[in-house]
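Each chain carries a letter (A, B, C and D) given by its place in the written order, and its residues are counted from 1.
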Amino acid sequence: MRKICIVIGSRANYSSIKSAMVSIQKHPDLQLQVIVVASALLDRYGSVVDLVEKDGFVPAAKVYMLIEGETPATMAKSTGLGLVELPTIFEQLRPDFVLTVGDRFETMATTLAAAYMNIPLAHTMGGEVSGTIDESIRHAATKFAHVHFPACTEARDRIIRMGERPEDVYLVGCPRIDLVAEILQQDRTDLGPHLFAEGVGESLDLDRPFVMISQHPVTTEYGEGERQVTATLQAVQDVGLPAVVFWPNADAGSEDIARGIRKFRERHKDFPMHFFKNLPMDIYICLMAKTSCLVGNSSSAVREGAYIGTPAVNVGSRQYMRQRGRNVIDIGYERDAIGDAIREQLRREPYESDPIYGDGHAGERIAATLSDCEVRIQKRITY
Amino acid sequence: MRKICIVIGSRANYSSIKSAMVSIQKHPDLQLQVIVVASALLDRYGSVVDLVEKDGFVPAAKVYMLIEGETPATMAKSTGLGLVELPTIFEQLRPDFVLTVGDRFETMATTLAAAYMNIPLAHTMGGEVSGTIDESIRHAATKFAHVHFPACTEARDRIIRMGERPEDVYLVGCPRIDLVAEILQQDRTDLGPHLFAEGVGESLDLDRPFVMISQHPVTTEYGEGERQVTATLQAVQDVGLPAVVFWPNADAGSEDIARGIRKFRERHKDFPMHFFKNLPMDIYICLMAKTSCLVGNSSSAVREGAYIGTPAVNVGSRQYMRQRGRNVIDIGYERDAIGDAIREQLRREPYESDPIYGDGHAGERIAATLSDCEVRIQKRITY
Amino acid sequence: MRKICIVIGSRANYSSIKSAMVSIQKHPDLQLQVIVVASALLDRYGSVVDLVEKDGFVPAAKVYMLIEGETPATMAKSTGLGLVELPTIFEQLRPDFVLTVGDRFETMATTLAAAYMNIPLAHTMGGEVSGTIDESIRHAATKFAHVHFPACTEARDRIIRMGERPEDVYLVGCPRIDLVAEILQQDRTDLGPHLFAEGVGESLDLDRPFVMISQHPVTTEYGEGERQVTATLQAVQDVGLPAVVFWPNADAGSEDIARGIRKFRERHKDFPMHFFKNLPMDIYICLMAKTSCLVGNSSSAVREGAYIGTPAVNVGSRQYMRQRGRNVIDIGYERDAIGDAIREQLRREPYESDPIYGDGHAGERIAATLSDCEVRIQKRITY
Amino acid sequence: MRKICIVIGSRANYSSIKSAMVSIQKHPDLQLQVIVVASALLDRYGSVVDLVEKDGFVPAAKVYMLIEGETPATMAKSTGLGLVELPTIFEQLRPDFVLTVGDRFETMATTLAAAYMNIPLAHTMGGEVSGTIDESIRHAATKFAHVHFPACTEARDRIIRMGERPEDVYLVGCPRIDLVAEILQQDRTDLGPHLFAEGVGESLDLDRPFVMISQHPVTTEYGEGERQVTATLQAVQDVGLPAVVFWPNADAGSEDIARGIRKFRERHKDFPMHFFKNLPMDIYICLMAKTSCLVGNSSSAVREGAYIGTPAVNVGSRQYMRQRGRNVIDIGYERDAIGDAIREQLRREPYESDPIYGDGHAGERIAATLSDCEVRIQKRITY
């Protein structure tokens, strides 16, 4: 009976690993341990912990570790705080595996705590390429992990080229796509009225064309966020479609983006927009299936967007070199260029589903692998 | 005028970077900032901070960050504590570069703090291969660093294979060898009397054959340290030469090794041994130039030993795959095999100097590079 | 030349000690050291650090230490984080005195760091009585402090009764009143237009009657904040005067109060209100000199209100037993009773100034005392 | 069923609360929760955690929180680290009461975590008077505690004079005396042979006169420890009785005392001494019942010594103003005066038992009180 410990630090973390959690919890030879930390505990990021509990997972511990400031310095300090506390919890829980998710800054706290404590470490979504500090975090996590669960073939190949043993690398697909597949099978024709009772701003008619905007800070372009998001908002206004706008995540620079959105909103009160902190994954995916265009720099445009076939305009450097399908148009931070790209998407034919990030069974594969893989705790680079 | 910040966390850290510190301090276009942390502040690891100050460096801050316990968990927590505090200091000092050293566990605190804060990060001694968690730490530091200073050609090639840009990799040699070269030029014929007033145990006659023992915990073999060091001590006793014995470093498992040494000492009071916590680098190198054989798992046997030509018996997995010269015999943890290897070294001819880890000018090259290199703060893997 | 170190952790901290900072900086035998921490660094609490710098003080360090969550647990953890970091800074600055302010939760971090490190500790505003955990914090700070600066006679007597030596207790008045006295001497007839460009909500006509609302969480009544503030807002709406509303401070429960305000605002969009995060002290005091009634549980109603003569309705337990003048009517959390109390204040004659909390020279007395007082570092209770 | 949480931070902590733990665990309406932290987890302080587990208590969490350095700064930082971590554990355990012990520096971490989190806090051994920073810590803990368990009448009266409500103050005696009473009822005539197999140094004949030495650092006299303990050791050597010597506790300055002892030992190898890190409480008490004189500044001389009737010479300021019986002679740090005081004790008649610190039933009273007392979570000073 292997104990598998998962640390959830944000909404993105959760939906990136939930299907694996379900499969682990169901697996007869595995026991799931959940720790909820950082922004996943916070009201202003949508209280992800409530979702986790509603989904039937019982957190073994909750660790408040996010230091306010949303600067690069507090991002580092928050990671440090997690690294101070997680070993205490790991010593309580004594997991046989820690499964760490992706490339968020708190990921390093989980990664280092497990690796330093000689607990076998598995890592999802390694080997991908992106902008921001996430790029370094992801590859560093690979260098600590004993078992790798890349989402696509390019990522798998990159992990092996970095010196990991091929027998430790399991191509499983992205667990987020598992959720997407499930949601798309449901019949959801009644989104509107309930939806716009949440958040603030106008109610939109979802049967008519609308744009989605989801733009997050780029940590290596700290201080630029307000200007960047303003260009996107202006471009959407230029195109003239109503917009569903999402507040940014908790990375360094988040406050800049939020300020840009707030100011734009005060200045353009009659432009039809609705603002959400966060939405349940299922509703978000339904919106992606309906929207005329998803604008910004969310990874959902590239990953889920490929599977769903969502027309997307990807702004700036945040998704650079991430493997992508035909549904994405890439563009810089200029208002006019963004506007043109949106209009281009409005003209195109619908996209077909493109399962480059998985076929909907990643979670099952992860659970099966964790139940019987063998681990060499002393890592060695292969060359 | 670039400000170069260096964090010294241990005695090993200090001697691995001291020659670069001297060159940076002398360089007209560079300003040196020194932070002393962790075991480098502690009496029981030889108060390295006093040495640093005596050498003319003025610490801008001192951060106590070592959490007692010497378990894998406290190693993780200590790193976390450093990562909580270093950003505060970096915001005070606003360095243009942080130069991080090697692969000790505290190295990750410096590495993450700088990288998350978008401060250009340079890393020495990357690309090498070893046992213990240091292996993962070193390669992870490579994935965060913007500028690399490997010590030997194999290490350089490995860094590039891991996906770093060749133009960011500077082969400079190991700065420790700079110190070794300098020390060997001095005339030191008078070591004995003063030397054995320090430490505890018998005074040895250094003009007669003697063995040196330096054995540290292997973090991935936690709990084995007492048994491991006892085999080494017994083997030396079997050979019958007097021994200079060093206490272990502060890694997880250190207490096990220390207990093994203490018990052996109580049981064999008439076996001629002398015990040191630490020695000034210059005296240590002189001993390496004089000893009949250096036994244990210290990296000094491989690195400095190659340059000096010290006969060495390397025990166990700690130095696995580290590039080495002819002076080293590798062996497992068995008492008899260790004894045989020591006797084999006693029979051989003297070794010639083998400069695979540098020619004595690494520090100057590091300073020169830091004064004029260009950095891309947004890293990208090259494939 | 004594070095006096002051740690600013919030807006309230700053205005409670600013006049002493000015006097210390001017004093020929004193040198001022300023550390800015916690909510004083944060945008969403009004970036007090910018004010501090604009006022000519140069922070020697900035310590991000507020852990997000605004629960009782994060209040404790934030204090712990401060206590981890402040000793590092104190060792850099080596102050001869640390001057700690009042009774906020971060105050304990400053207090313990100084006391444990044997740095003489002076404490302002001790000996007062209030609700919330501040009550215990204040008296505990008294038990650590070597020099006491109470603001009023009752407080002085209480400090001595708690076992402090009378010769260590200096009645100086409250330094906040120094600022108030200074502001009231200025001619400020032009508040309106610029003022309401800040914050959000309607522009009010300050020449017509208006109410001020300032209500903070009561940490020992955690979870009640939304209900409590809603009763106050409804009562003000019942009375029918327009209102200037302040967002709550960063104590545990702050998010509850903020939610109550946000919901009320969404539901009563046509009720004339204007919302501020924070105002410069001088503008706040001018509003207090103009308002028909200050409602809520801010200590300003009791302290500055006495000196200014502001009609005030004090709601709930937060100011319980604080020495107060005739200007205050105390009331519970019931909507109707609050409304009646406000109407009662509207009917009364103007209040005269009542200097029970000082005569405007507290800061000078503090500086003078710190320059020549003698301290016994080993404290002893007097009975 | 009330959950009572106790945090054990040191050997002294444990023996000061063990009898209450036993009574709480037996009580039908109470559930015991134990957290082991700080030096109680460490090998070099005798692994108190092993004792705790052997005694049948199952720790719910273990928190490594002692930052190495043993300076005043690390004492503060360690407390901060505890205050960062304990809230996480308290949120897991959700105790109805936290019971905090005495006046050690980590005590403040427990005290603040519970008080800030609105968990009712009970405090043992408040109201006493001593030297060092413990004095302030103890009284500050009183100002946070909701229920007080003083050990003697003077302490009870002092707590009430400090402004605590008499109905919250329960005179119960000292729980350490419960253990002493129990131990003295056992027949222990066979101490010697097994005893001196532990520790290092000579075996002493316990049927002949011998001295015990237990001297700890005085935190407000930091840097003096080596000189202080040397005077004591020399005085004992002057008197000429063999000595049982105890290593100091983990307070700031401990390393100074330890160095003094080590140097004395190296210089006087033929003086009959035996050294212990720690001894099981029962053996320590038996030694106190046998020794000719207990010298140093341990509180055991005053508290247990009174009950047992141990002749004691109390050196320096550490036990100043602590209520004491006839068995204690107080003296300064001078070698000759200490020697004279020891000789004076050797001449006196045996002392009778003096139960000023309790009758052996403190633990039962604490458990009974915790099971039915009522608590006002909002504290108010009584005057």
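The rule is short, and it goes like this: a contact is a pair of C-beta atoms (placed from the backbone, for glycine too) under 8 Å apart; a residue touches a chain by one contact, two chains touch by 3 or more.
As the structure is a computational prediction, the values presented were derived from the model and not from experiment.
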{"item": "Centroid comparison with chain C (C-alpha atoms), farthest chain", "value": "B"}
{"item": "Interface with more contacting C-beta pairs, comparing A-B to B-D", "value": "A-B"}
{"item": "Whole-Å gap between the CA centroids of chain B and chain D", "value": "41"}
{"item": "Multi-partner residues of chain D (each touching 2 or more other chains)", "value": "64, 73-74, 77, 81, 84-85, 87-88, 91"}
{"item": "Complex contact set, residues of chain A against chain B", "value": "72-77, 79-88, 90-91, 105, 108-109, 112-113, 115-118, 129, 131-133, 135-136, 139-144, 158, 161-163, 219-220, 222, 252, 317, 320-321, 377-381, 383"}
{"item": "Touching residues on chain D, where the partner in the complex is chain B", "value": "39, 41-44, 64-69, 71, 73-74, 77, 81, 200, 255, 266"}
{"item": "Touching residues (chain side chain A, partner chain D) in the complex", "value": "60-64, 81, 84-85, 87-89, 91-92"}
